[in-house]
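One chain, chain A, appears in both complexes that follow, with chain B as partner in the first and chain C in the second.
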Partner chain A sequence: MELLKKVAFLDLLKGMKVTLKTMLKPTVTVHYPFEKVEPRKRFRGIHALKLNPDGSYRCEACYLCAEMCPSNVIDMEMTEGKDGKKELVDFTVDLTRCLFCGLCVEACPRDAIVMTDIYEFSKYSPDKLILHKEDLLELGRYYQRKEREK
Partner chain B sequence: MTENFLSLLFIVVLMLVAVPPITYLERKVLGHMQQRPGPMVVGPHGILQPIADAVKLIFKEDVVPKGADKFLFIIAPSFSVFAALLAASVVPIGFINAVPMKSGLLFVMAMSAISIYALFLAGYSSNDKYSFLAGMRAAAQVLGFELPMGFALMAVVILFGSFDFNEIIKWQQQHGWGILYQPIAFLIFLVMMIAEINRPPFDLPEGESELVGGFHTEYSGMRFAAFFFGEYINIIVLSLVITALFFGGWSGPFAEKFPILGVIYHLLKASFFIFLAFWLRATFPRYRFDQMLSIMWKVFLPLSILNLLIAAGEALLVG
Partner chain C sequence: MESFKIIIDGKECEAYPGETVLEVAERNGIVIPVFCYHKELRPEGACRVCLVEVEGAPRLATACTLRAMPDMVVKTNTERVKKARAGVIELILNNHTLECPICDKAGECELQMVGFRYGPKKSRYREPRREKDIVIQGPLIEIDNDRCILCRRCIRMCGENMGNRVLGIFNRGYKAYISPFNGDFLEGGCEHCGSCIDVCPVGSLLDRAFKYKDRPWRMEKTWTTCTLCGSGCKMEVDTYHGKVKRVVGRIGINNGHNRGYLCVRGKWGWDIVYSDKRLKKPLLKKGEELKEISLEEALRILKEKIEGKEINLFLESSLTNEELSKLSAVFGNTNVTSDALTFSLAVEGIASITGERRTASFSSTEKSDVVFVIGDFIEEVNPVIATLLRLLVIQKGKRLIRVGSYPSKLDAVAFSSLIVSPEEVIDLLKHFIMGTIDLYYSSGDRKIDSAAKALRNKKVAFIIGGTTLFSPDIKEISQTVAYLADRMGNATITVIPPKANSIGVTKLFDLKPPEKLKGSVNVLVNTELERDFPGIELPKAEFTVVFTPFYTHDIAKADLVIPIETGVEKEGKVEGIERTLDLKRAVVPKYQLTEIISQLPYREGSREKRELKIKKKPGESILSGEKGEIYFTLLVNRTGWNSVSYYSGNVAKVAGRRELHLHPEDAKGRKIVTLKGEHGELPISVVENDSLIPGTAVLRVERVTRDLKGLVKFPFTSNFKCRIAEE
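Up next, the complex of A and B:
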């Protein structure tokens, strides 16, 4: 019986049946540049800085995020403001080094730094991957608009 | 004479024109068998992909590696194409018979065996260890499949009593398809055909996962494309041969009255075997080297020799 099975190529024919059936099934491909998958709710994309409703910075330049960062991505500059409070001058995020772990977001006591759902940020030169305060605030407006939509 | 010349022109043009669509169809079939769409971007459903490939290959740099045997390196790809085209020229498709030859079957077998030499030449002349290994594998594979294939064909020829394709198909029109008489020879020939054209599961000389690209590792541009032309023309030719031997070639309803139908029947029957080559590629993993040699030598060779006895008995009975 075993020999008969072998002679008739039964197991080979079984495999061929599987592939033929699969051929008639619809494909499961997402045609990426033309079709995109919506990122998941908690997806960690590139960073953004949120603003307060009155337009002031949420970030108080406490350096906690920079301290937490395992790959030294975040750097910031600050001065003493008019009322003696710390004021943010520049906030840089070096995306060439970032591993998108989200520790900076967790460390932030003021919920100032957040992660957007943007994952397409390739650039033609590496220095464009270093985001400054203006870029981050722009991204923050995008993030807050999305948040409000929800 | 002019008729022969026109037929030859038709066959050569058919072979060369059919290769790009076949590569496209292969990628589509393979893709759908893996639940992906295959080429999709260039043109509607990627139908212009072969043209894009051709343009890319034409504009690629032509590299001859350092230390390669230049003459053999250059001659190997053309060897592959010309051997395949020579084999194609004697196979009749319906009434289109470019070179009516008394020993057409023998000539096809000789030519498709010679086209394997392109792989040795490419492998040995490239000065590359992977190509060299692929050349050695191709050499061992030839020893493996030529004998069972020869014996399977011998059985068929004993039954039909001729090497001439026209005679063979006339015999089948009188007595019924060859597969009814010689199922074992058909199976052996099918497996050996897959081995001869280096298709999976017998694609040892070009195993991408083991030998980088196999014998064509060092080839680029049009030389690389020439190997593919040779390989795909060989697929078409052997599919035409297997339909002529076992499935009645161009015979079919109304083929006697309208000869053009015969051409269509023959091509349709052959296209099933071309599809089968894609199908097998999508289904089976590659045989290991020693496994391949052991089934060739220990299973198919004794089987094909035993089959000779069956064929002789049938020839006595049917005559």
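Up next, the complex of A and C:
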């Protein structure tokens, strides 16, 4: 018996039982960054500002999103545009502080601010983590393209 | 006054005769929602949101107009009241755009607050909203009529309190909208005091300079004092990220002596901070050019140049007490001239009777029965003081008597306004003196006699101010007034300081006329020679230093220029008309005068005590006119006082004109005349003005420029004599 155990590597096989059992099943580990998972439908990634069909932005600079934000992420400057409409001078989102709670999206009366599925946004310097109006509008275009595809 | 009791919501409240239920409730901490009621305005009962139930009365009554009666039982919170209130709000909201996200009033909107608390949760109306869409844009004010709730606050404010009657309701019923008459603010006579914007409960009347610029709740609020004239108004400066966004007075909330009223300079002149004429760095003259240098270098040169030298100090009197005391420690306080010179003469005139160089504060008018104003154009020099004087009459029922040589806006509310030639002002005051001595004295003029009678046995507050302060007679006039006040016993005298700290400058320095300065270095602080010292040449000196926030014409004459800060960037105190007023820093400046001056060596100074000769007799006019000569008053328009319209882009939009107002008899139909002064002449366009008295004229200018040099000479810019060249 002792001998048989030794010859047939029974202990080893016992130890590899799990390995052997799952070896032939499909893999679940994702080889990030070579592989990526599709985020869930309601995933809260970095912000975006939506645009109207005519290319203008939806945001009216009402400041409600910024007011709602518990960690003071959003700030904006506004002014009167040439056509007498309210215009954004800049809209900044400071991702270094954001909790991704989504309260800003809840607050928006114009459905202008949304959260994309982008979760990869690490940068080499913190100031690059502050998104400005143009960045957010670019993200908005991306968001809306995605929405259409779905 | 006998008080009595009324019961509001089961609480026993004390009420005084004449009070409304709303006022009693407010005093006792019971909140009744309002739209059209405003503390500063006459109640009107237009909006019906303040409905309350009175026991025994068949219908609900409006609390804002209902006078409290003894044993009244009022309920503000019954189901019936709540339903009626919600109904009223529902009707208002039915035609309201509710564009709060882009409305500049959101956050401080009374409709939002009242609607949220007392409004219906749902509207039953299915009809489309009325689109009024009548937007009226003036240079600084905009009316978005689709937000208007027709409370008429603006109309009452402008017409009754300000006395301008610019705004009105056009059309009736559903189509009613608010607009200035003629649809144009400037043409309608708007003074751009901003009071209508301040009292509008919703976002209908808007400050155009602030439109879409920020959100009211997120800005930092700094209560400071406006230093653009001697009224010393308390105002709220709103900043965001260290940048000024707007100035508001907050009528009804403001606890300053101005009660929130502002003028165009205070309301819109804040942008002088961002003027493109602001100096950015110290400048040093090298050869013919001015080169930018560092502050350290500038200070080093300055120290070197002033060491052991006598200094000619030219002061503008809007500086704070802190700045003034540092300046006097570094530059001395005896070889000084300032634009407060005439103000100090007025104080001197009063002191020669009363024995002390002190004047009463403005609140003395509250305790008086009669306000006796000696002054012209107070509404241009100190607009808010003129408004407060007007309100004393229309709100407090005081009598106002005005003596002057030119027509004034105050005449509309005056019990009596006596307008006489500048030479006769003192004689006129003497009639009053006689009138107080001799009950049966008659001046031979019914108007004077009736005014004198109105003063008898009354508490009188004398006010001296406006351009009268710049008359050659000012010392004599104030001496006469002080004599009259002394005779009457029960009287106070207030001199309205023309600039924010005229009082402080007068206290701290022995002022001299510029010709008497004998130093060898000129130091100009915050001043513009042409504006503050018209007709004066800078004394010859080895070195000239200019401290100024702006590029002024004096820079050409300077060897060294050092930038300083403007009013809203200052922290400190000024001696105001009411008491010592606080300045709080709303914006952090790059250069601070006090900091710069502290780095200079102090000098030992001794100031002799100014002796005072007590005369106890009325003054004598030193004016005497020859035939063909006309008395002129150089009047800097309200917008141009302190050069505000020159530096502020906002105020420049409503700046006045340069024109000569002549009586038709003097104008003789001419459109343009040439004025001949002692040292020069000036061609100018004429406006015929029959409210003037013949022989007097008003030269209105927006800015005192070089070409006026031959006509006026500091310090007397009022009642100087000129001839009109005969063609």
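Definition applied: the second predicted complex is superposed on the first by the 120 of 150 C-alpha atoms of A that agree within 3 Å, B and C clash if a C-alpha of one lies under 4 Å from a C-alpha of the other, contacts with A are read in each partner's own complex, and residues count from 1 in each chain.
In this section, a contact is a pair of C-beta atoms (placed from the backbone, for glycine too) under 8 Å apart; a residue touches a chain by one contact, two chains touch by 3 or more.
If you're wondering where the values come from, they're calculated on a predicted model, not measured in any experiment.
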{"item": "First, second, both or neither for A:Thr29, with chain B first and chain C second", "value": "first"}
{"item": "Partner chain(s) touched by A:Lys86 [first = chain B, second = chain C, both, neither]", "value": "second"}
{"item": "Partner chain(s) touched by A:Ser56 [first = chain B, second = chain C, both, neither]", "value": "neither"}
{"item": "Contacts of A:Ser122 with chain B and chain C, given as first, second, both or neither", "value": "neither"}
{"item": "Touching partner for A:Met16 - first (chain B), second (chain C), both, neither", "value": "first"}
{"item": "List of chain A residues in touch with chain B within their complex", "value": "9, 12, 15-16, 18-20, 22-29, 31"}
{"item": "Contact footprint of chain A on chain C as seen in their complex", "value": "100-102, 106, 211-215, 217-218"}
{"item": "List of chain A residues in touch with chain C within their complex", "value": "60-64, 66-67, 78-81, 86-87, 109-110"}
{"item": "Residues of chain B touching chain A in the complex", "value": "29, 31-37, 40, 187, 279-280, 282-284"}
